[in-house]
Amino acid sequence: MRTKQEYIDGLKKMRRNLYFNGGKIDRDDEVQMNALNVMGVTFDEAASPEGKDLCTATSHLTGETINRFCHVHQSPADLHKKQDMTRYLCKKVGGCIQRCMGVDAINAINAVSFEADKLNNGNSEYHQNFLKWLENFQKNDLVGCCAQTDMKGERLKRPADQADPDMYLHVKEKTKDGIVVKGCKLHISEASIADEILVVPTRALGPNEKDYAVAFAVPADHEGLIQVVHPHSSRPREAYQRGFDGGYTDSYLLFEDTFIPWDRVFLCGENDHGGICALLFALFHRHSYSGCKPALGDVLLGLAATAAEYNGIEKTSHVREMFAEIIKVTELGYAAGYTASDFGKPEVYIPGMGRAPYGPGSCIPDSIYANVGRCLTGEAVFHEQEMLCNIAGGFPSTFPYESDITNPELKPILEKYLKRNPNIPVDDQIKFWLYFIENTCTGAAGTTNYGNYHGGGSPIMEQIAITSQYDVKARKRLVKELAGIKEK
Amino acid sequence: MRTKQEYIDGLKKMRRNLYFNGGKIDRDDEVQMNALNVMGVTFDEAASPEGKDLCTATSHLTGETINRFCHVHQSPADLHKKQDMTRYLCKKVGGCIQRCMGVDAINAINAVSFEADKLNNGNSEYHQNFLKWLENFQKNDLVGCCAQTDMKGERLKRPADQADPDMYLHVKEKTKDGIVVKGCKLHISEASIADEILVVPTRALGPNEKDYAVAFAVPADHEGLIQVVHPHSSRPREAYQRGFDGGYTDSYLLFEDTFIPWDRVFLCGENDHGGICALLFALFHRHSYSGCKPALGDVLLGLAATAAEYNGIEKTSHVREMFAEIIKVTELGYAAGYTASDFGKPEVYIPGMGRAPYGPGSCIPDSIYANVGRCLTGEAVFHEQEMLCNIAGGFPSTFPYESDITNPELKPILEKYLKRNPNIPVDDQIKFWLYFIENTCTGAAGTTNYGNYHGGGSPIMEQIAITSQYDVKARKRLVKELAGIKEK
Amino acid sequence: MRTKQEYIDGLKKMRRNLYFNGGKIDRDDEVQMNALNVMGVTFDEAASPEGKDLCTATSHLTGETINRFCHVHQSPADLHKKQDMTRYLCKKVGGCIQRCMGVDAINAINAVSFEADKLNNGNSEYHQNFLKWLENFQKNDLVGCCAQTDMKGERLKRPADQADPDMYLHVKEKTKDGIVVKGCKLHISEASIADEILVVPTRALGPNEKDYAVAFAVPADHEGLIQVVHPHSSRPREAYQRGFDGGYTDSYLLFEDTFIPWDRVFLCGENDHGGICALLFALFHRHSYSGCKPALGDVLLGLAATAAEYNGIEKTSHVREMFAEIIKVTELGYAAGYTASDFGKPEVYIPGMGRAPYGPGSCIPDSIYANVGRCLTGEAVFHEQEMLCNIAGGFPSTFPYESDITNPELKPILEKYLKRNPNIPVDDQIKFWLYFIENTCTGAAGTTNYGNYHGGGSPIMEQIAITSQYDVKARKRLVKELAGIKEK
Amino acid sequence: MRTKQEYIDGLKKMRRNLYFNGGKIDRDDEVQMNALNVMGVTFDEAASPEGKDLCTATSHLTGETINRFCHVHQSPADLHKKQDMTRYLCKKVGGCIQRCMGVDAINAINAVSFEADKLNNGNSEYHQNFLKWLENFQKNDLVGCCAQTDMKGERLKRPADQADPDMYLHVKEKTKDGIVVKGCKLHISEASIADEILVVPTRALGPNEKDYAVAFAVPADHEGLIQVVHPHSSRPREAYQRGFDGGYTDSYLLFEDTFIPWDRVFLCGENDHGGICALLFALFHRHSYSGCKPALGDVLLGLAATAAEYNGIEKTSHVREMFAEIIKVTELGYAAGYTASDFGKPEVYIPGMGRAPYGPGSCIPDSIYANVGRCLTGEAVFHEQEMLCNIAGGFPSTFPYESDITNPELKPILEKYLKRNPNIPVDDQIKFWLYFIENTCTGAAGTTNYGNYHGGGSPIMEQIAITSQYDVKARKRLVKELAGIKEK
């Protein structure tokens, strides 16, 4: 396994294909540093005494110890550890740990490539190619990300019905050596700091949409790939240093007739499995949210409780009610993921068939529990922000700039007044509110809300998954029996 | 183990101490028959091929097979089975299975009596007395209920501060042979069809409230005990028979200077353990709700989905959203209980001490998960009723009486119009709406909402449990570290 | 104007066409007495010094003083008085005053019959016939009700597409003397205690649905009309008398090839105006809700505050928050109606045309404000019940029967315990909880919730009215201008 | 009346007492320009044919035409116009119009200074001094702002109980010529672009807190006054110009032993009237919210509807439901303000006395309606943001920078993909999303949420106002009468 420094050194050698703010940037540009700090923790903790049990796993390919983010889950125990690792690491960085996209895509493609080969009766070698790619990925401890979301164009039209066929990424040409793809994948977190990008479809696909049923992996600096980067992180501090400087980035990935060699193609034309691949990545990713959202809940509760403490209202009953609400969402989200892990099996829900065995035997979390948990935490996002706002009062919205607090003319006066709680050092109060503001009243906070709401699929996507997969008929049968109705 | 008939035959032999509607009634009076039907299922299913695995257990006292409702949970596996048995049986009867009060009280007293003896350094024999009582209870497959809630008087005053000291049940006298108690326990479900009543305290108690720290068991027809019964069940049907006729009863239990012999007293004066007993019964009972509320969720979804089917709106998106909401509450409630079971240990939360070993080694569910689950399902009650109302439309509120539908003058006309969905036999439509009405627009339905909201403790009680037991400080510490604040 | 007694005497002379519980009943049967009590208040108050200003009006036809429930609103001042009369009377009876259906139907038909004649270029005399009917109605101070809701059959199919054409009431035959109609109108409040029934369409209608575009008035005991009655009221009390015994009834109205003479037909075949008639009755009726729902809010707050007082928790902050929530809904509902009144004009919203003059100049409330108000109060129903449940605790669900409290054996014991608040006479506590229960835990309470939710149109109907009538385009234009987008 | 340019020229002449980002700035610094643009509209529109009817009034002092923001409301008609002016102007600028703080403070002080003089039996001349100040303020068309919120220190302690007495602004010394004050007022919107600052107390005050009962006016560049400015506005655009560049500023106002001459002091030591002054400013300001929040609702609906249009989902039912929700809050907020205006009288609610005449006869909006309206719109803030997020999808969170879209290498590619809706020019789509982002995912948007939630008093402050002022007793009496309880 690599160190944070080896990882960064690897990034520095890559082709310059990142565009930002009117020009090109290096991968270790300062706007990316906070995101690199975050990713670095996944290396540090895999090597730390406290973290290594959760953050490493034993490769089912080689038997070697690898970073858990490179692992194919073999059992419910693996799923439990993935959930707990995610919560553990997200707490370390106070936000999204970013590397889960890769492991979730690996696990989806692992199953889908196997089944697609089965469908093709040995006329494709997707799964073998994938395993080869994976062995290298594990050995070199690479960072993977997942490119799923397409531009989508007109939302109520299917890919095949769009005015511009490139609104969903698709195969334009197949040659002896590989395929040529075109399209734009967007909202791709960590792509600008990843080693590898795993591309998967974004939705269910019909027989006339086989060109859209494509999954593959490319290096993040692949020829023919442009990244337009959107970094999200708070400004550097001067006088009042944070405990951890975190942030993240998103990219638009522009595939401009990009060539992909066959040994990196893991699905190409099997439209049913394309749809399952989309669902399966979403399922693994919603399971990841059962780790990260509880961690964000921990941070949220810490923000709320510290704000209440500093405001001197920690014991009031309406504040306690809000704590209970935050804890409820946090631990129900965790319990849903825990149950999804425990009920994990090598099975997926297949529309029209119900739950059926799928893939080469690796462990897939229960879909209903993964979905109800993610739905709950997604729907809670804005109400949680409301509770922070309620407890904090107006203070965060007009807090002086760091540069004004340290202005020698103002410092003694402002320090006098910012020491609202006489029992707490004024520097602690200042540091706390600056950090609170960064979690609530900045552009990064606003976009984080959007990510926390829509990431892994908006609440409505989970509602659709839930109602289409749940056995509603059995409940109707139950009630009809109780009511005395005889089913024919 | 007994049969339903043996159970009823036992009840018939009891002293007539049930008062209802101005006079006295027998235990097998017709107003109790639906409740007896429900309880009967706990005997039938313990003997049925389908049910016996869930509904029986192996006594840790005798090694014999007993009804699980008489069992002291030995492991997380036992807690899982108790949860699943509860869901299974509640679905059979379309509502509360009623016998859980007994098993929850047994498990609380089992731990508390052990610890009280430890505190008394062998000067009390609560636990031995309890185990003797329990062995007989298990062997004779008795039905237990739990009497917890007191009249409470002025809600913001403690027991010791009430104008009338009897507002909480308490010990008035101790003799060589036993104790004399006075007070009124109310909302005591199934007391009028139980064999035994387990009495426990209702709240935390101070050193000046030792007389209120009392737990004991009495037969339900004990001398000096009056029951004022309030039955809740739907009227008998004539033409349109239900699949199952269920209902339940509640009693006011009036203890009028009632004598309890020492071998039935399991706690008497140990005020700290009295408070823990109250909490512990509530905890086991909230865990029971992780089985029954999902079952009610199954019924609710069946009602909603069948109403939508019969109204021809099953596919509309706002109806699907409501299905998702019902499923979400149902399965999050289940997942919380599942996680609480899996994290079960012989430990309780003790105020000021955190989680600590407690009792003689039996298994206690995790309190945070049991509480977040019950809180969620309690808070959902009225919104769930709103969704049923939304989907049903006004139909249930003015539906003709059974006697009018079968009036020969009206029958052909009403059957023509009540056949709103031309593809479904009119009798099925009538049976369904009559059953729907009984779940929504009757007195029994109204009181059921109150029970589903407050039973096992109102949402606010769970909020208090959650915020007082959760490690809020650790979350504050986390945020302070992230913000750069150094704890002194 | 008549007295309550004259009104009841009038009912006694009517043909016996009421069916209930397997047989026929008189109009002054005891199951109808509570509903008659309610209606009686509309006569008493029109003659009382306190009530007469609000409850009477000056007929625009004759200049005579009439009951306001027989009046065609001439101005915003009339609409204000109608709103305030409704709140005033509903408070007197602690619930729905029931007579508003008539006045709302009169006002709708008044406008629609005028416009239909205009469309017919003088070939119809609907409006003249209506005015003649109205003059008699006013002079004799009759009670009108409105029959709108049809059986509807398959909900997503239009009237013309139903398997059974009678699922919506329609004209089967036209003769020289009149028309013959068939169909079932349901949920028709107060029809069994009304003098006259005004029938209007239930929805928008297409050119192929002209037979469904029919409005007329018939006496409530008209030949060919059967009423199946569903009464809703609490049982008589013995020892603990209420201050007012109220209740209501609903009927299924079965029109079995019923003949209606032309001078009672006010619309017949003009499908566009049929749809407007449906909307217009709903609009007037939603405006009525801006009077009755605030009255129910007053009762609700009284129930909540008295329960809190008797429970000794009136000052706690979470109880105060619930009071605020109830007041908020109550007074926002009132303010919406007030504003709708003040913006009243002889105009309606016509799909595709926007707001346009309509009718012979009488005053129509603003549709947006009437709809947002009714939507708010409808959506609040179940949450309001939740708040009552929260404040009351479990007490109402298991309260002893009146007959048990007065059982001489139990009376001294139960009175001791039911005197939970030592500062309030036990009889007052008993009376209060009995009344509370009737508002929350009875069949009548359950059906009232359904009425309060769906009456005048379910929240979703108001949402549709709001979004289809509001000038959304203007808001888009505004944002585009602010964003710098130039509209072409 | 002045022009925008005259107003700005006036600001330029002021003493440099604004601190920002480590130094001092001019009043026409570029970080203030967007706020000046907003304020400019209040001058432009008072002179525009379309705006002048709403935006001007007739001074009751001089009979001259003045800007309505300088006016003391004389009648309900004035209150209606103030509400409508506010909505009109806020729509022009797409946000807060900022000048209402001044007019609301004027109206509060007008009444309070009158009553304080009455209390002092002619030994004070507050009101005369105020009227003199006001005449000049009106004549010169000055911009006023209101400094109310204090630093507050420990929130559960009263001013007199704070460790640091300066946590609330107070009088330190009285001399023959004036008073000396010390304290920090924060969140003071528009103070850095105002001509005059009106200082009022922030809460109810006891007899031992007379020094905190102080109201006065100072020029915004007064000697001894420091402003620490926090500007909130979006970055300048280059290629994609907005239709209007708006923004706002907030200041910390540091009063460092500042001298105020007597002729500018309008209250000094009358603690009861100090509390009423705080309430009264809040009341006028909550009434202002009945104008601005509906305008923000218009913008919000425009954002939601345009996002839905551009995403091609405008007709889906769940999107329509969200439109209805936005409209509901918007128009209920408007109706509450409308009713508050119509019920306006020269009366205030005085704790312990109920509603009583107050002030010299000017018109004060009804407090219940002003409060229920503001409470509703405050509580809706975060849910409204959730709806925008739901409709927009993830697009706003990762949208490319303007500088990347115009990068010649990227422009053709990005324009291809950003043209998601093929029927709308790509430039319009880009402009719209950039504007949408500024309203949702920026620091300015985040702080705006805090302002919209807490401004004029947080929802909990309105709840307290509502429950303390509403006649809860009358509702209890009503229910007791209905229940048959006789009040003694």
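Going by the order they are written in, the chains are A, B, C and D; count residues from 1 in each one.
We take it that contacts are C-beta pairs under 8 Å (C-beta built on N, C-alpha and C of every residue); 3 or more make two chains touch, one makes a residue touch a chain.
Which protein is which chain? UniProt says A, B, C, D = Aromatic ring hydroxylase.
These numbers were taken from a predicted model, which means no experiment stands behind them.
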Path length in the contact graph (chain B to chain C, fewest steps): 1
Looking at C-alpha means, what's the farthest chain from chain D? B
Hey, how far is the Cα centre of chain A from the one of chain B, in Å? 40
Whole-angstrom distance, CA centroid of chain B to CA centroid of chain D, is 52
Would you pick out the residues of chain B that each touch at least 2 other chains? 316, 318, 321, 460
Going by the contact rule set out above, which residues of chain C touch chain A in the complex? 316-318, 321
Which residues of chain B touch chain A in their complex? 91, 94, 240-244, 298-299, 301-303, 305-306, 309, 320-321, 323-324, 327-328, 331-332, 334-336, 338-340, 342, 368-369, 372-373, 375-376, 428, 431-432, 434-436, 460, 462-464, 466-467, 470, 472, 474-485
Inside the complex, what are the residues of chain C that reach chain B? 19-23, 149, 151-157, 163-164, 166-167, 184, 186-187, 226, 228, 230, 250-252, 254, 256, 311-313, 316, 318, 381-383, 385-386, 389-390, 392-394, 396-401, 403-404, 406-407, 409-410, 413-414, 416-417, 419-422, 440-443, 445-447, 449-451, 453-455, 458-460
